[in-house]
Amino acid sequence: MELLLTALGLILAGGLAPLPLLRRPACARIVHLVLLTAGCLAGLAALIRTWGQGIAPVFSCTWLHTLPLSLALDSLSAVFLVPVFLLAPVIALYGYHYLDRKAPVWQAGAHLFCFSLLTAAMVLVTLADNLPAFAMAWELMSLSSYLLVLYDHEHEESRKAATLYLLFTQTGALLLFIAFGLLFQATGTFAFAQWSQAPHAIKLAAFFLALAGFGSKAGILPLHIWLPHAHPAAPSHVSALMSGVMIKMGVYGLLRFYFLIDDPAPILGRTVLGLGMVSGVLGVVYALGKNDIKRLLAYSSIENIGIVLIGCGLGMVGIASGNQTMTAFGFAGGLLHMFNHALFKSLLFMGAGAVIQQTGCRHLDQLGGLMRRMPVTARTFLTGSVAIAGLPPLNGFVSEFLIYFAAFQGVRLNGPDGLLAMAAIIALALIGGLASACFTRVAGLVFLGEPRRPLPATVTEAGLSMRAAMIVLVLACLSIGLWPEPFIRLALNGLSDLALPAASQPALLGSLPGNLALATRIFLAVLLLLALCRHFIYRAKPIAQATTWGCGFTRPTARIQYTGTSYAREMVEFHRPFVKIHTTCGPISQIFPRPVRYASKVDDWAEIGLRRLLVAPILLIADKLRWIQHGHIQLYIGYIVLTIAVLLLTV
Amino acid sequence: MESVLSLGLALLLAPLFPGLILKVKALFAGKKGPPLLIKYWTLIKLLRKGSVYSTSTTFVFRLAPLVGCAAAIAVLLFFPFAGMAPVVSFHGDVIVLFYLLGLGRFFTIAAALDTGSPFEGMGAAREAFFGTLAEAAVFAVLILFFRLNGSLSLGGYFTGSQPISITGSQGALLILAVVALFMLLLAENSRVPVDDPATHLELTMIHEVMILDHSGPDLALIELGAFYKLFLYAALIADLLKPAGLAGPLANILFFYGMMAVVYLAIGVIESVTARLRMDMVPKYILTSFALVFFAIILTLEIA
Amino acid sequence: MLEAIFSLPLCTGLLTLFLPVRLGRAMLVAVALIHLLLTVFCWLLVPAPYLPHYFGNSPAGILVLLVTSFIFCWIAPYGIFYMREQEMHSEPIFLGCMQLFLGTMSMAALADHPVVLWIAIEATTLTSAPLIFINRSKKALEATWKYVLICSVGIALALLGFFFVTLSMDRPGIDVPLTFSALNDAAHQLDPLWLRTGFIFVLIGFGTKMGLAPMHTWLPDAHSEAPSPASALLSGALLNCAFLGIYKVHCLLVLAGLGDFSGNLLIGFGLLSIVVAGVFILNQPDYKRMLAYSSIENMGVIAVGIGVGGLGLYGAMLHLIHHSLLKSSLFLSAGNLVLGFGTKLAAQCGGMARLLPRTFIGFFAGFIGISGLPPFGIFVSELMILIGALQTGHPVAAGLFVAALLLVVAGFARIATAMAFGPVRNEVLVQEQPARTIPPLALLLASVLLCVWMPEPLYRTIVNTIAMIGGTVHG
Amino acid sequence: MVTSIDVVLVITLLSVLLSLASSRMMALVKIMALQGAMVSVAPLLLDKHSSLSHEGIFFFQLMFLVKAVLIPVLLFTAVTRVAIKREVEPLVGYHASLVAGLGLILLSAYITRHLAIPSTGKATLLLVTAITTLGGGLFLMMSRTKAITQVIGYLMLENGIYLVGTALTSQSHSIYLVEFGVLLDLLVGVMIMGIILHNINRTFDDVDTAYLEELKD
């Protein structure tokens, strides 16, 4: 296990070593990148070495003479460590060309340091094996990510977003600590291992508290509010790291907690499943409604977390109802989707970052036709879109398929579980459709068609390191899509050290992964065949170029292209009750109408609810209470006398 | 062997049936109508032509027809025509297949947006929306089938010991399923009352408007893909209608294609006697089919 | 020997009042260092007091003394350079009163006789009043007036409380000297009724001084109007001394078997203080007032921790240490801001990060620490207090505790980020200089180090402090 | 039969009532002098102090000096320097204050009866007086707007507390070191308050606390 600690050390060194070199940014970044990569590779090596060898203690000590800190590596941690170790270097690589070099020295330094710190903190979170260690790691993660979000601190909204994020993450953390405290009080030990002995009622209470706590980190509706604010505010590769990897720590915590309390109550699985469906569907609906490309991606993260939760929820239901196959496929699907989402969501954020860096514009309805200017970015982004829409032959489909399979297993069950499973299938279908609509929209509006406003000549392909990072991720997506077997087994392996040995048998998968691969390969074969025929047919055929057929409209301009707003309008309106659509449009008057401004925005009911029901009242009460301190010394003495009077009554 | 033959037969015959529809419509209109093989001629004509590409299009535009057609063909590979074992099949393939169709749709939409034409964008939006709803309905159908005979593959539905058939034990439920599937067929293949392939006003189109800029062999591929997709849905219905204990492959095949003819005739009749729905009615229409299937599922719960 | 710790600064302080300024400055720094040395000396090899009936080194007292002495020897040099910046007509008074203040606080920390403790704490009020009043603005005048009057009233009540405590000894068969140590031994024989009454008055009396709501009313005014070194001392050291008074009586009650009564009162006042502080921190325009309210909040946290007992006790003691370090550091940074921007309005301090980078680092890190994030110690202490509350079965208190803390973080975060990164409003009047930027950073560093590694003796001291009333450190 | 202690205590009570009712500063100062004298004498008349050590005698002389002479002189100078004759508009009117004072006496009598006090054999009146003085002091501070009146209130509060102390503690005053400390604090406190008063007066030409309401939220 020294290797793993070495990895941690290297990662942290990657944060500290650049600080003296900040005068030469490029140099500092290279050092950062090299050390970080080395650390992550060491970590991967450690994982490979200990793969499937059961629970291995990593490190333990006593902190402040009282609090035991202990780290241990088990299969679940390993599965969640893989994306961390894989993605952190790639994202850092992207960051090499992405961050502007004109930033002040301390800012760049803080950024590099926090980036490493966040990576290390995530590793620690997955390894933490008792309360103090987990709390420490969790808070370090929150802190570093908060500072990373604060990178563009000149902008008002990014400060607001960071503050909002800090609040949510602190709320979540404190809820978690309460949950942990309850279990501690019930069992009298900090060690996670013994917490399964707590009484049932305590376990339930703790679980729901923890669900809220982890949910606010993972971005489960309705605790997701910080997410669509923080991601647009942060630099794109930070968004990639946070959305791709960090929010998964919420899922990790939830699973870890679920397994360590080891409570058979079916309500747990049902709740998670239900929340998953809500997050999934509403997440993608809101994503459709958004026009800011990064905000859209943020909402789509919520959607994918929803899918992951559907998978895990099905797994939990499977445990509760003793259905091994369902358990295996549910968790395997959930974990694999977690991994896949880490890949393609980072990829998409990188693409968005490249676009924003080049055009300086993040509004869908003002972009377009970037395919010619930035071919690599465009192609990678398109691949990412296909993947995130969960379509074969890419990786998104593999995980969704497993979840579907688990859900179909669940359809057999009677009672609420069966109905929930059916609902899950329908929800997944709906999510799939909406997701593909959503991402045809993004890819189509940003990269295809014509530029909706003239592009400056400076808009060119993204920097080398950025392209490299994106290509790496595309290759990863493709490989999972085409050779799913090893990855499915990897995901399934995540369960091997947990309380359910039976469900982690690869035998349960049967020949399914192979068949899946077969199907996609058949499709690709057909495609290839057709492509050959097409090529053959097109030989010696006249190929002409012309403008798009304007349907008789003689003077088409780029500005008459279909906008993203109108593209999504019907689909968003279909979900009216959960979506608030504000449309402001001036009246059309006179015979020759003046140009009217039309604006519409889609609001998130959770956010509105929070404002109306929580924030506004608190601020109001606070204002009312401020008269306490209004200067009359006589009144102040009166308080003292009053307090005495009240207390003397208690004697 | 025979499954390969039946597949080949299907692939060959697919463009025939749409001709049937045209014929029916023409007869309703009191005309003689085009020859039955019209669609073959169209394809050949298109394949002979060259292509004109919009200057604003990219490789996506050229890729889309391939993907759409390939997806349709790949699906047919898994289909048990006339209850004969399909070429390939495995437990869970339906999910893959409908997602392959989804992939086709994805690229069609992308291609439409690639042209930058406002009308094609509009069509794309509609396609995306209605397609999503239809997909949900389709998966409801899958749930129903799964509850009926616990299999997750097209092959499993119609081959094996107790295939799903309207004459089977729970045929009553299947009537609902058949109706729903037929409605979905109309929606998914952009026929009346959801979409009118014969209209000439782009504003009212869905599928046709998306392929305005395709021409020549590309258009042929799209057409072909459309035929196969239509054929798939029709074949699903036909297999549902096929009685279980039919002796001999020949009888099966004959009955199957007979049923196919009936389905296409029904499409033709519908197209002749009904008008296209208003766009905002379409979601309700699809939800109706969904409701039918869901009702059937609830019934299976009652029986179980 | 023990008495030297407070008699030295008292004498030199009186002397400094009449010395020329330069000598006085030297004196201040020298006394600060010597005091720290003496403290460490008394801490490590416990010398016997010269007047055993009045003084003695209880672990709690030593803890408070250590904190006080440590932060004082950082504040003293800062104070000199701070005072140099704003032309101060009565600097000797400042220098002298700083030392007198230190002396009285040390006396309070070492007192073992209740009334001596009372005298010392009342004396802290009187010696710190000139510090607040030092720049004779109208507001300073008002703040001083309120400070002196309210605190005197409160502390007078504390005296009454001590009379009741002594009254509880009027029982046949109790013949012990009136010292806390003696009382603790005889606690179980004391009259519970009078102990309760006494505790109420002591709680209210010293609570006034400690800044527990609703007796906190003087605190924001005094802390915001005093020159920053004085505010740092008030907030970082004085509040602890007042807390010490309450803590000693609380121990007495716990030993007398009335722990629930006093504990619940402490929890109640603690929660109330946190909530009140939160209410006033939300959209607080004045950052020094914000810091002051945050002191109220942290005193509330300590009170809660002591009240719940169990792990909470250890948490509370850690919190006391780390709050002193962080808050005094924050006040020193605030002092640099006041000098730099010439205003106490947060809205006017935009762009601190660019204009006063070092101050910014100190201030922002302090903010992170105060909001309970690692690597600063308040993270641990609050975690332990929260867990302690649940461990000893106060779930409701835990819930309120959490909610109130969030309120505070919300307010603090908004203001701190706006100050650090907001748009630049006005240019810098006085540039920052190392002598004024190093002390805050040093205090922060101390907090981080103590959070990472705690020296064995210090740990022993804390354990002894809380062991008396059954405080456990191991779950 | 009426003992001397009763006389002293009754005078103290009267002084409280008078201070509540009187509007003139000078009168208040004189009343405080009287009260101080009474309070510092009272313990001597309790039988538990019948035999006094040397320190005892010295201490009580000193206390008399402080409470009955020094502090009133301080106040006197303050009032003359401030040059205000009377409390113009108190928050609570004089008649109301007087009634409140009477109510206070009733309250303290009630409290005294309900406290099971071991050591105060016959000195219930002492306790009544003590609590009344204490309450009266607080009442003055809450009901008057002139800063100087509040100082006087604070002094009255201290007197009350001291009386409570003498009434309750059966601790034989072996060494008076502690009491010296208390006294010293009191003295310095009043001095500092005097200084602040002076400054207030110099800044605002008045000692009305209405000028001291700038700091608020």
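In order of appearance the chains are A, B, C and D, and numbering begins at 1 in each one.
Simple rule for what comes next: a residue touches a chain if its C-beta (ideal position, glycine included) is under 8 Å from a C-beta of that chain, and two chains touch if they have at least 3 such contacts.
Since the structure is predicted, the reported quantities are computational estimates derived from the model, not experimental observations.
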Farthest-lying chain, centroid of Cα atoms versus that of chain C: B
A-C or A-B - the one linked by more C-beta pairs in contact: A-B
Chain centre separation in whole Å, for chain C relative to chain B (CA means): 78
Distance from chain D to chain B - Cα centre to Cα centre, in angstrom: 100
Length of the line joining the C-alpha centres of chain A and chain B, rounded to whole Å: 36
Centroid distance [mean C-alpha coordinates] between chain C and chain A, Å: 43
Contacts with two or more other chains, residues of chain A listed in rising order: 626, 629, 633, 637
Residue list for chain D, restricted to those that touch at least two other chains: 138, 141, 150, 209, 212-215, 217
Junction residues of chain C - those touching two or more other chains: 145-146, 149, 153, 157, 193, 220, 280
Pairs of chains satisfying the touch condition: A-B, A-C, A-D, C-D
Residues of chain C touching chain A in the complex: 145-146, 149-150, 153-154, 157, 193, 196-197, 200-201, 203-204, 208, 214-215, 217-218, 220, 265, 276, 278-280, 282-283, 314, 318, 353-354, 357, 361, 368, 371-375, 379-380, 383, 386-387, 389-391, 393, 395, 398-399, 402, 405-407, 409-410, 413-414, 417-418, 420-422, 451, 454, 456, 459, 473-475
Residues on chain D engaged by chain C in the complex (per definition of touch): 116-119, 134, 138, 141, 147, 150-151, 154, 157-158, 161, 164-165, 168-171, 177-178, 181-182, 184-185, 188-189, 192-193, 196, 199-200, 203-204, 209, 211-215, 217
Partner chain D, residues of chain A touching it in the complex: 626, 629-634, 637-638, 641
Parts of chain B lying in touch with chain A, wherever the complex brings them together: 47, 49-58, 60, 65-67, 69-71, 73-74, 77, 88, 90-93, 95-96, 99-100, 102-103, 105-106, 109-110, 113-122, 124-126, 128-129, 131-133, 135-136, 138-140, 142-143, 146-147, 150, 152, 202, 212-213, 216-218, 221, 280, 283, 297, 301, 304
Chain C-touching residues of chain A, taken from the complex the two chains share: 64-67, 104, 106, 131-132, 135-136, 139-140, 142-143, 150, 153-154, 159, 162-163, 166-167, 170-171, 174-175, 177-178, 180-182, 184-185, 188-190, 618-619, 621-622, 625-626, 628-629, 633, 636-637, 639-640, 642-644, 647-648, 650-651
